[in-house]
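Please read the structure below before turning to the comments.
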């Protein structure tokens, strides 16, 4: 783990990068990193995030600034700007079931090629996917999903990189922290090593590449 | 009693002690208002919480404790949190005993359409497909008809949410189940006759000799 | 969750049942439950456990009492009794890679039909299994594993059934607590509801069917 | 310096600052003794711990803090624990930077056999197959020969642990790598000539003009 400024961290992300962003309706999203992505005008991004949040909040800021060219999400129903950009064909949007979204990212982070899920069998979601039977029951093969960067927000981080999340801000952060080449973290509080009890660490230190230290939150 | 209250009260009666329950947005959310705390039902919020409590008093909200819509909620004593992979593991494997969801159409065999209307903006299915495929029991809570058109249809014209039939529909007019895969009128709303229900129902339903009235 | 005595709990397990047992070399194993299984002479068991532990410890006790007829595990190298019973064809043993063992149980507990793993491709482990390519890379399809009973040992349990595990006694306990029809738990300490912070619960209460209350540990 | 110390010291030189490392039983375990704490290497124990520390002082052991053999260990400040699904997620996806394992045979292309001998009791592969398939870098630490027979073979006669070749073998006589998939003699042990190594090596190895001696 390396401590860096938010400016340095975001400077590493090239235009056109694939970026996983933690959070659920903007809760548990690294706002400071997104603000800086907007400030540095990183464009043409492939964003992987549960939802499009709302304008002005979470990944919603990236749609406000029209920085997104592709989006993989489970719903965008509460962000009219993302919807407009989708309808205008300015964003290619791939909408997938939320459980499948979670498992595909987990598979990417755990070295699995994919998982077999019953979700989506017999629906539009099955189109173009392999259907595989196990014990006579049909499943869809859903393949692993990874990204170049994961932007993660933790509640506590220590100086080794161990992370703990609070309440419903955990959501997709732990699985994304395993599924990207480079993991960049903001935390509400950065604490000395040993303050987070071993049993309470949710993301082990070796998974984290960079922690933003020039400002919390 | 308005239509929504009828539906929510009737659905609440389906929940059993200790059930793990996931409520969708809209009418389903209202169900929690009619469940006695003594029943010790666990409510799951799929963004990562079991043990959701009422909306917090003003000033007691916390930005990191929210429901699936991002609105502040509270957590009851004994609540627990988890990540999204765990949350949908609970849903997909049937650890969630009951899910209550809204619907656009339910057909005569219990197939549900509730996530998209072709030609209109598709907001995304969120967790609906996993909930319908995985929860042990799926209850749809919806108005019986919309704009004068029956939502209980012969065959869904809208894209299905799952190939798995649901278990029960509760509307402002009726309770419909699917024994042996056949839509069956189980109860009528207070003051509503069987004939009145069938008059606004597109699907052919099995109608037993005696159809009791909902007890609310 | 229902609080029961260890005698009542074990009485529910029929001869010939399939039983997952938490623990890794006997660490994190519900010893009191196994002692009672031996006392009640539950026989012909299908045991699913990471390893055979050692004689006198953990599932080792079940081999001491020759109660096992089938075993799915990752290694039995430190239990000579289990080895003897395997060589004498008194136990059918299915040895599988440890990561595959964990994922198969997790799949069983998470409603997945199976997972695609690179582990075992091109080895004896691949025999009789479907090999599936994703993006040109070969994977083995490993199917979900479930049992009738899971015997789980926690560090803390509350009176709703929420569980927390300590240090390396966590191991397979959380995944097994999701993958069985009936989950029976012993805990080092049973605490009032609310004592385990929401973020520190590792197995949510609704997964637990029975907690043994007539003696801790 | 005995054979095991030569191997362990040389393997230790392969570990980099901040690496997440999994050590197998036997000689691999000794590697930790030769790694400076300043390097801040993370050691994983696959039963659910990152940050394993030395064997605790007598009386300071705890039955719930053990290594993969069930023996008491300690946890360093900043250690963390997790379940087995997470543990092998870390291993399978290459989050583990280096694994050091024992071996029965390594062939000329880097394929490893280390989990069973047909006709003998099969104890099970434990985590070995996942480690060899998944860790970012796989180092085999073993004696060069056993009972006078080379363990560096033309082709493994024993069942393979993985179809994925390993990256490096360190023996009491040599360091062998596999650039372009060809077994190549990279270093010899102190006081051992290239000829002496090749005399006890069954596999044909690429031998560069200059083969340096291990610096221990």
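A, B, C and D label the chains in the order they appear, each numbered from 1.
The rule we apply is simple: a contact is a pair of C-beta atoms (placed from the backbone, for glycine too) under 8 Å apart; a residue touches a chain by one contact, two chains touch by 3 or more.
In this text the structure is predicted, and so the values were computed from the model without any measurement.
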item: Partner chains that subunit A and subunit B have in common; value: C
item: Between subunit A and subunit C, centroid-to-centroid distance (C-alpha), Å; value: 32
item: Rounded Å distance, subunit A centre to subunit D centre (Cα mean); value: 34
item: Subunit B and subunit D: spacing of chain centres that average the CA atoms, whole Å; value: 55
item: For subunit D, residues that touch 2 or more chains besides their own; value: 49, 75, 81-82, 85, 88-89, 91-92, 134
item: Interface hub residues of subunit A, defined as touching at least two other chains; value: 103, 106, 110-112, 117-118, 165-167, 170, 198-199
item: Chain-level touch network, classified as line, ring, star, complete or other; value: other
item: Which pairs of chains touch, using the document's own definition; value: A-B, A-C, A-D, B-C, C-D
item: Interface residues, subunit A side, partner subunit D - complex; value: 1, 106, 108-112, 158, 160, 162, 178, 193-194, 196, 198-199, 201, 204-207
item: Of subunit C, residues touching subunit A in the complex; value: 103, 107, 110-118, 130, 132, 134-135, 137, 139, 141, 143-144, 164-167, 170, 198-200
item: Residue numbers on subunit D that touch subunit C, as the complex places them; value: 45-49, 62-70, 75, 81-85, 87-89, 91-92, 116, 121-130, 133-134, 159-164
item: Subunit D partner contacts - residues on subunit C that touch it in the complex; value: 24-28, 50-51, 53-54, 73-78, 83, 87, 95-103, 105-106, 117-125, 155, 165-175, 202
item: Subunit A contact footprint on subunit D (complex, rising order); value: 18, 20, 40, 42, 49-51, 75, 77-82, 85, 88-95, 97, 134
